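These are the structures, in structure tokens.
What follows is a pair of complexes built around subunit A, which joins subunit B in one and subunit C in the other.
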Partner chain A sequence: MDMSIALILSQDGITNGAIYALLALALVLVFAVTRVIFIQQGEFVAYGALTLAMMQSGVLPATVWMLVAMGALVTVLDGGLALKAGQGRRAASVAGWNLGYPLALAAVVGGLAVNELPLAVQVLLTLAIVVPMGPMMYRLMYQPIASAPVLVLLIVSVALHIAMVGLGLLFFGAEGQRTPAFSEFSLELGPLMVSAQTLWVVVVSVLLIVALYQFFERTLYGKALRATAINRVGAQLMGISPTLAGKLTFFLAAFIGALSGVLIAPITTIYYDTGFLIGLKGFVAAIIGGLASYPLAAVGALAVGLLEAFASFWASAYKEVIVFTLIIPVLLWRSLRSHHVEEEE
Partner chain B sequence: MRTDRLVLGAFLALLLLVPAILSPYYVTLLNYIGLYAMVALGLVLLTGVGGLTSFGQAAFVGLGAYTTAALTTATDLPGWLAWAGTSPWLTLAVGLLLTALVAVLIGSLTLKLSGHFLPLGTIAWGISLYFLFGTMESLGGHTGISGIPAIGLLGWTLDEGGEIYYLIWAFLLVAMLTTHNLLDSREGRAIRALKGGRVMAEAMGVDTSRSRMVIFVIAALLACASGWLYAHMQRFVNPTPFGVHIGIEYLFMAVVGGAGYVWGAIVGAGVITVLKQWLQNWLPSLLGATGNFETIVFGLLMVLVLHRAREGLWPILKKLVPVRALRKTIDPDAEPLPRRTLPKAGELILEAKDVTRRFGGLIANNNMSLEVRAGEILALIGPNGAGKSTMFNQISGVDTPTSGEVLFLGKPVAGHDSREIARMGMSRTFQHVKLLPTMSVLENVAIGAHLRSDKGVLSSAWRLDRAEEARILKEAARQIERVGLAEYMYEEAGSLALGQQRILEIARALCADPCLLLLDEPAAGLRFREKEALGELLRKLRAEGMATLIVEHDMDFVMSLVDRVVVMEFGQKIAEGLPDEIQQNPAVLEAYLGGVE
Partner chain C sequence: MSGENAMNKQTQGSAASSNADAKNPVLEVKDLCVSYGKVEALTDASLTVGEGQIVTVIGPNGAGKTTMLSAIMGVLGSRGQVAFDGSVEGVPEVERMVARGMTLVPEKRELFGEMSVEDNLVLGAFQRYRMGKRDHAQTLEEVYALFPRLKERRSQAAGTMSGGERQMLAVGRALMAKPKLLMLDEPSLGLAPLIVREIFRIISELRRRGVSILLVEQNARAALQVADYAYVLETGQIAMQGPAHELADDPRVIEAYLGLGGKHQAMLST
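Now for the complex of A and B:
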């Protein structure tokens, strides 16, 4: 290996690592606030990428119908409750957001020639379709059992993961998709050619991390989420609704997932089931941070990205084995540091 | 005739007849159900009973299958290993050994951490092994290994579905019986305490990390045996059936069937296997595309089960079968358990010196010192939030003091495991009752005797522990009678009133035959007569030489019972002395009633 190969591999590693960092942050966030281990994060990545790809090929993405179906279910449940309580206006608002919005979106995406729209609009439409599935999923799947043990929530996540993979196959087919790059130029840095997409990924990731930091430090909602993460009951007593915190968290996680998908779709071919492995690498990073520390998770993500890049050069057949075996020393280190027996929730 | 034996007999007779009456298609289906149920059974033990889970069971199945496939088809085994390839029965042994090693390795990495690290660790391990199977040339890569021989048994060659059927179901039934026996034993009670009772179990001397390891290894071994049978049934292996998604399916079987029940494994394996067959035929034509669309239904079904019937299908089915649970019998002739020799009255038992415990900026205990002697009852009193329970936790090893020393029987114990301290003869109750609500009062109390007995997993699984078990149950029953709960012996502990649950905790602590008893608010929630009876019991124990440290708010109860009193406020000791002195002490009066301005 010479210097230029090492640089290229590092570039790959940092690009992927930036994505893993975003995913890891979302995973830590979701776990801290809701105790849900968000296995299906990867499916949001795939759904984001493939929804964009379908729009670009001029097909109405089936995810929009999934959004309509989930919205209809939420409308029936929440609207029904509101009507029973005699809150007609609330019921109308529930129906508007959960049924009206998806249907309007379906009309827009179905009515326009989306493949001719500028890329930025396509990306926005993609996010508009995929991201609301996050809070709806929380409402339908987790809210009824929000106080269940971590293990039960984890099994629900796994169940949703395989359901979403199956739906992904139905929606997008077994063919992989790759979208065109956001922009064509590339940067020459000495021996290294840095493609525009790499810059996009790194810059957007950094911006998003800064924005999230600001959100958690400066805004009331961000502080509410942090409070919930530290002490669920205490936050609830202070008037922070755990339901709202859950939905908001899932909104952020779905946003990060879908955006990550859109960002990497030009770099790598995405299949309906690619998300799982991408999400799991985010997990390896999150575990490095003990599912609790954001900075450690981000560092871990870069480490995972770099390890993956170099492993694919030295022993490409064993790339996945090497990456997933990385968590063994991490777990060992964590295990040696833990002393007292704690009661599981 | 016992109804449970009748139903079981009918079930076994039906199983025996199946190959004679059903077509080969159904026999094959039942073979798969048997194989899957064996893996699901491991998950019942791990997930339903132990509160842990693994998505990597399919990888253990693969380990069993690939071990036997590689060894029995290899033509050029090195000399030292050549013996292993000669018979499938030998490769079973090799596979089980290998699996146990891997399971112990993974377990020792993850089991000390919170429960969700195990499933995450097993996902990663499952994926790694799957890719390893697929990429290693010596294991046939993605095409796999074919030409695996059939199993021979007593001159028989089991090369047809209807023949290996009997072997599969024999394995499964033995595994079920073993698991059932194990759960109904000393080790089984420790395992059942893992879910929601770890702190209590540790205080009773159970090594809960070891118990977690035991069930993880057993689950892995069951999966490995299933893989061995699978390889010799199919006579061919490739990586596909050992991926993480199949591992997830195994978990679904356990949860859908009823993860807390041995029979839930068969129900779950049956339902999921049949449903999968049916969906795979039906969904692609309905949806007009080919693919594994059954995962959509499975995923949503799973969520529905967890929302609506978290216990799974078995408890619902069980109501339809007229079988009554058997009561445990107490053998009055069982030999009593050995007792420790109590220290002489007046001997110093417990000494805490300058114990300080900080939680961040909060000092919960500040330079607390106290001592308890044999044949003495010491009360630790103080207003709410004074730090009494924290002090208990420092003494009993549930927590570690920031500084200071705790001497028990002259040996420093601060920072030691609670089970080590329990073994030395300290036993406690908890302010917030910690018991296993679905277990009977008798079994809850029997956990207390954990350290007075030593039969392990293997003897429990094969019923070599019955003499000791009878001694344990007799001792538990004796303590239950002693504290006055005899009429509730067979009730579920969770159905008792709170006051009675506290008394149950005392019986459990006594079952450990301690020389120092720590009681955290034992009289709270008791009626007048019950309090009198409790006072009587504690006096009797004192007369026998027991040292007792008691935290209690009921002053009438405390003052008429104890020998000395230590008063705490804001984490510090403000007074110490005889009950009469304490009642006159101005600092104490101020702490309780507020000062006179």
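Now for the complex of A and C:
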């Protein structure tokens, strides 16, 4: 291996690592606020990438119908509850957001020649379709069992993951898809050719991480999510409902997932089930951060990305094995150095 | 009301609405019951808090005081009727109660330990902020005026403060919601005498500002001194009630709650 190969591998590693970092942050956030292990994070990646790919090939993405179906269920549940309580205006707003919005979106995406729209609009439409599935999923699957043990929530996540992979096969077919790059240029840095898409991935990831940091540090809603993660009872007494926190968290996680998918679609061929492996690598990174520390998770994500890149050069057949084996020493190290922290009072 | 028949349920029933000073009741609780599985922790508890009143509930450990506050707040499920600020809640629900102006300072404070004092306080105004009342910067100054110590420590992590400061923070955070009714669960628990005195000074100061207060305390003497009206809760039932100064002179209350520790508690509370 010479210097230029090492540089190319590092570039790959950092690009993937940036995506894993985003996914790891979302996993840590979802777990901290709702105690849900968000296994289906990877499916949001695949749904994002493949929805965009379908739009570009001029087909109405079936995910839009999934959104309509989920929205209809939410409308029945929440709208019904609101009507029962005699809150007609609330029922109307529930129906508007959960039924009106998906139908309007379906009409827009179905009515326009989406494959001729500029890429930015396609990306926005993709996010508009995939992201609302996050909070709807929380409402339908997790909210009724919000206080269940972590293990039960995990089982629900596994079930949702399997269901989403199956639906993905139905929606997108077994063929892999790759979308064209966002822009066609490359940067020459000494011996290294940096492709535009690599820059897109790294820059967007860094911007998103900074934006998330600002959200959690500066805005009251961000602080409310942190507060829920720190002390659920205390947060509830402030009127921060676990439901609101859960939906907001799932919104952010779905946004991060779908955006990651859109970002990597030009780099990697995405199949209906590719998301799982990507999500799992984010999960390894999150575990390095103990499912609690954001900076450690981000560092872990970079490590996972670099390890994967170099492993694929030396022993490409074993690259997944090598990456996932990393979790064993990490767990060992964590369990040896972790000490029991007394809860406040 | 004498000691023996105060335990009698009939006496209690006829006296249920006898908090006569409560002309505009902020809170009216009727026949509230809470059970943990088959064990009934609270049985037919009724109480009234009038506007601007301090009402205290005293009683021994395990009598159901915390359970009662949790049920009124909606943290625990209950049966019975809770009327707050003129409208009846079937089963109270926490976010709704907060939105309608009720706050609870729980016994365990439940602060956000890793966040700064100021963030803790600002989060107290979350529900108001969500409803579009974005005046928390001004409320924050008012709370800082009441608790200058919190202003000094505004950027310190809440978890690193002393017990008294944390209690002040818990009360301050509750005040950020501009509550109509403030419920305090054992605010003096585990605090040094000087701090206890400070906490009770603040409680009377709050009343002067028109906040109605429901105070649950084991420090009976201090509670009876500051309160207008008092209830005694024993084994999940309201055993006695009356104007605080009358209860403070009641032989049974003196024996059970003020007795031996009385002098000591008096020192703490004056």
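The rule is simple: the second predicted complex is superposed on the first by the 337 of 345 C-alpha atoms of A that agree within 3 Å, B and C clash if a C-alpha of one lies under 4 Å from a C-alpha of the other, contacts with A are read in each partner's own complex, and residues count from 1 in each chain.
In the analysis below, a residue touches a chain if its C-beta (ideal position, glycine included) is under 8 Å from a C-beta of that chain, and two chains touch if they have at least 3 such contacts.
Predicted, not measured: the structure shown is a model, and the values here were computed from it.
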Scan A:189 for contacts with subunit B and subunit C and give back first, second, both or neither.
neither
After superposition on the shared chain, which partner residues are touched by A:124: those of subunit B (first), subunit C (second), both, or neither?
neither
Tell me which touches more residues of subunit A here: subunit C or subunit B.
B
Which partner does A:145 reach: the first (subunit B), the second (subunit C), both, or neither?
first
Considering only the touch criterion stated at the top, classify A:335 as touching first (subunit B), second (subunit C), both, or neither.
first
Go through the superposed model and pick first if A:224 touches only subunit B, second if only subunit C, both, or neither.
second
Is A:233 touching anything from subunit B or subunit C once the two structures are fitted on A? First, second, both or neither.
second
Subunit B versus subunit C as contact partner of A:327, first or second or both or neither
first
Return the residues of subunit A at which the contacts from subunit B and from subunit C coincide.
344
Using the touch definition from the top, list the residues of subunit C that touch subunit A in their complex.
73, 75, 94-95, 98-99, 103-104, 106, 108-115, 119, 122-127, 129-130, 159, 173, 177
If you look only at subunit A, which of its residues touch subunit C in the complex?
220, 223-224, 226-227, 230-231, 233-241, 344-345
Which bits of subunit A are touching subunit B when the two form their complex?
37, 141, 144-145, 148-152, 154-156, 158-167, 169-170, 173-174, 277, 280, 283-284, 287, 291, 317-318, 320-321, 324-325, 327-328, 331-332, 334-335, 338-344
Per the touch rule above, subunit B residues touching subunit A in the complex are 47, 51-53, 55, 108-110, 112-117, 119-121, 123-125, 127-128, 131-132, 135, 195-196, 198-199, 202, 208-209, 245, 248, 251-252, 255, 287, 289, 291-296, 298-300, 302-303, 306-307, 310, 398-400, 418
